[in-house]
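One structure follows; several queries about it will come next.
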Amino acid sequence: MTLKVYLSGEIHTSWREDLIAACDGLDVKFDAPVTDHGASDDCGVAILGAEDNKFWHDHKGAKVNAIRTRKGIEDADVVVVRFGEKYKQWNAAFDAGYAAALGKSLIVMHQAEHQHALKEVDAAALAVTETPEQVAQILRYVLTSVLPG
Amino acid sequence: MTLKVYLSGEIHTSWREDLIAACDGLDVKFDAPVTDHGASDDCGVAILGAEDNKFWHDHKGAKVNAIRTRKGIEDADVVVVRFGEKYKQWNAAFDAGYAAALGKSLIVMHQAEHQHALKEVDAAALAVTETPEQVAQILRYVLTSVLPG
Amino acid sequence: MTLKVYLSGEIHTSWREDLIAACDGLDVKFDAPVTDHGASDDCGVAILGAEDNKFWHDHKGAKVNAIRTRKGIEDADVVVVRFGEKYKQWNAAFDAGYAAALGKSLIVMHQAEHQHALKEVDAAALAVTETPEQVAQILRYVLTSVLPG
Amino acid sequence: MTLKVYLSGEIHTSWREDLIAACDGLDVKFDAPVTDHGASDDCGVAILGAEDNKFWHDHKGAKVNAIRTRKGIEDADVVVVRFGEKYKQWNAAFDAGYAAALGKSLIVMHQAEHQHALKEVDAAALAVTETPEQVAQILRYVLTSVLPG
Amino acid sequence: MTLKVYLSGEIHTSWREDLIAACDGLDVKFDAPVTDHGASDDCGVAILGAEDNKFWHDHKGAKVNAIRTRKGIEDADVVVVRFGEKYKQWNAAFDAGYAAALGKSLIVMHQAEHQHALKEVDAAALAVTETPEQVAQILRYVLTSVLPG
Amino acid sequence: MTLKVYLSGEIHTSWREDLIAACDGLDVKFDAPVTDHGASDDCGVAILGAEDNKFWHDHKGAKVNAIRTRKGIEDADVVVVRFGEKYKQWNAAFDAGYAAALGKSLIVMHQAEHQHALKEVDAAALAVTETPEQVAQILRYVLTSVLPG
Amino acid sequence: MTLKVYLSGEIHTSWREDLIAACDGLDVKFDAPVTDHGASDDCGVAILGAEDNKFWHDHKGAKVNAIRTRKGIEDADVVVVRFGEKYKQWNAAFDAGYAAALGKSLIVMHQAEHQHALKEVDAAALAVTETPEQVAQILRYVLTSVLPG
Amino acid sequence: MTLKVYLSGEIHTSWREDLIAACDGLDVKFDAPVTDHGASDDCGVAILGAEDNKFWHDHKGAKVNAIRTRKGIEDADVVVVRFGEKYKQWNAAFDAGYAAALGKSLIVMHQAEHQHALKEVDAAALAVTETPEQVAQILRYVLTSVLPG
């Protein structure tokens, strides 16, 4: 069994790298959105032409990014969505809803302080975690039956 | 043509009532989540038994609410999601993602200040509005070809 | 909002009648399998001709019953599955799996003693109940926002 | 033609190993749930943190196991479900219902004594067997046209 | 429960009328193909213009008839397919395959002499009958739990 | 049998009214896009605010119109697409492709001169017509078995 | 582009071998049912135990064969169905209907004498052929743009 | 991540070759229709026999071409549709609608002069481009996060 895992959400820490490192040796294929914040914001106008209006600037970019995001989520067996400590992160919650509607196995990662605000997202998940290490332990168990410790 | 419209998101203002009033005479069937905040938070434990742990308290409630939310979104032709000025509102973004994945016509409502943070959600929408009146105008136009003014 | 609710599982107590009575006044349409145990066992051979082999006797009947069961589950918004205190009740668990795969909102009903054996079924449910009254309370809340008490 | 076969159900005998050995040389890819009973029961709390309440202990574990189970069933061409001689085995029947709703080719394995109780499950199957050897003969025939004996 | 039933296949006897009469009082909605053989053969050219080549004459007609046939099968809960004693009746078998692929409950009707030739069709059915009366008994039982006699 | 028919394409002649009149007495429910050309072009900016750039002016309008178009096509049993004598009419061909991918019964209407250019669209259709009267004859035949003349 | 092609229907001539030979060098993966008539008829009882009643003898076999047939059709891009000169061949028409409902590209092969009886099947096909060579020419053209001669 | 990209539309310039060359080194698999205009027009009659009537000549060819077109679009992650400066190009718009209904990521390419006529197609797209280089830049960014310049 090979698991295809899409890593959605927060892009300002090294959680993706930590998770991927912790899964070393497992039969997992990871995908993720573009995590270069500047490129992600400007990709639309950089390729398709400048816009005076910030709304359309963002609109063009969000649609180009959607090519990658949709592909990643639709191909995945498991979608991991991490909510960080800052920002609105509505795109993370949007991805979680998108994944849930497609019947993907959803793993959510967030700190305890966000528990109440994320209760609807957590309710759609098969696991609610706090750390990349926990996600890696889940993937290891799912693939090899081996538990930590 | 009858449009089934689900009204997701912010529950602390009268936008749903305003919208429904502004659609008077149109062939629209509206649905919405439970908007009684207290009942929505406590429905799980009130019916299924108390929990010591706040996580499971919320979990039970979120799942009971999901019965209504899923039914409302899955039956809808149009899903309107309003992001208010306060709170994280991750459930609103989750609903938007869920609706988008099901191919529903999505209308988003929010103030200009949230434009950048909501760009991925807006990019999946067929209309981005600021007021209930605009949504009513869209529904009137879609059903009767009549534009405002 | 009208909820279509399919009542699967145990057929030796009056739980369906109790639940339906407790939902008086709600906008719910109930369906259920044939609950006449004798008719259910013999419908195949009674209509399609006798079989010497008990396997085929049962096979014919199970397939005729499947016409009703599939229709009921596929049309439902909510599938309630009750596990009684006796018998194997594998058809109840089969219905629960069938409903889960179709993305139906699943409500499970069983006594505490079966909790461990039913953990996979419960994990797919939006509510785990013990009594028809709890299910009625859920349906009332989902449809009217009113909580018990 | 490569067949992907998921082996669901009873975990206390060597039927999976027997079946896999009997399919030696065939173009079959097998998957199965975690069959380490202890790990399967405790995986949720071992990774995600302890629970006082046995219900939530089991709930967390069942959801983590669902990541593997759903993936296995959804990827499979054929789902084999074995009912052993003991225990309730509601998860086996749940898997059978889940597989049936997805249109998977279902093969059931059980002793004659369970025939009546499993008639609804058997009615959804393309073959009802008693031994791993019979399942291996089916897979060999399906892939190579060769019958036993 | 209302059953929508599509009556496919043989058009030279009164089996549809017999079945509908025998279902008097039941909550069933019947649909069927055009059963006027001449109109069915010529509808394409009568409306869309004559063809010299018999193949295209038939082709135009078969496609116009497909508008009704597809609608009838896709809307149905139960598809009854009757194979008569004469003719190739490949369209009946085609409809049965079409219905099976859509997951419809399939009831087949034919005389014993065709049993071997129809084994693949019968294997996809939930009931194999010989007479309209048997089909009526099945529909009555499915809707009312009442068995004949 | 009630047929839901969506009338897509050319909006500068009275073909929709002619067709609907010719179907008088038939059990058909018609839907269509907004056929007020001016309103259709300006609906986006009239409701959602003006745009300097003609591309975004059109973009907003096309998305608002898509709410009606998608609903109409997705609800339809039959989609009729008429190609007129002038203009590019790419939206008509787009609707035809959309309908074909959803498995709708497609009826195309165009003059002989466009036959070669429309061959891919015609190849996906169940009928290729030249006049509203022919479409009405098809719908009458499909619903009542009656042929013209 | 690799085409997966399923070869359904008549099993008493060498048309499959002829077609496969004529496709030498093309990027095609062929699948087919078991074409050993005796094995196909007896596979059910040979593996699952004898039956006194010919109906159940056939039923068991047809279901075992369905494991291969369904897999082959569901995996295919193109389904070729050949109707020979003898026998009822209802399973061929059933496969054609099954493939059509799944949206597969259907190629039919039969002699001119069967044209009228197969008009509904032909109407669902993308090509109606008479010889394996024609099918090979289609596959060659589809994959390489090269036409015969 | 490997992107499967289908290149639909205009066949009289070298845009496909330009695009593929500009994507050198990227993990992209390209497919396209047959772009030999003569072969594409005549494939039906060349293989399946001549027709006197131009409509059926074209019909046979369009259906044979549909085998490749459907396969290409259905397998694709991204569908690029280019509208050239001449011809009706209704097949291009048909492909765009087909792709949109399947939820494919759609990229449209056309000159500014066609902007108004293509507004419904553009509204369904994730990017509207003018040159193959822009499409290559999008694919490069989606796969590698690298922007031009």
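Order as written gives the chain letters A, B, C, D, E, F, G and H; numbering starts at 1 within each chain.
Keep in mind that, in the parts below, contacts are C-beta pairs under 8 Å (C-beta built on N, C-alpha and C of every residue); 3 or more make two chains touch, one makes a residue touch a chain.
These numbers come from a predicted model, not from an experiment.
Two copies of one sequence, subunit G and subunit H, touch each other mainly through non-matching residues, since under half of the numbers at the interface are common to both. The contact pattern of C-D recurs in E-G, the pair among A-H, G-H or E-G where over half of the contact pairs coincide by residue number. Averaged C-alpha coordinates put the centre of subunit A at 23 Å from the centre of subunit B.
If you average the Cα atoms of subunit A and of subunit D, the two centres end up 31 Å apart. Residues of subunit B in contact with two or more other chains: 63, 66, 128. Touching subunit E in their complex are the following residues of subunit F: 1, 3, 77-78, 105, 107, 125-129, 134, 137-138, 141-143, 145-149. Considering their complex, residues 54-55, 58-59, 61-63, 65-66, 69, 83, 87-102, 114-124, 128 of subunit G touch subunit E.
In the complex of the two chains, the subunit F residues touching subunit B come out as 31, 34-36, 39, 42-44, 46-48, 60, 63-64, 66-68, 70-72, 75.
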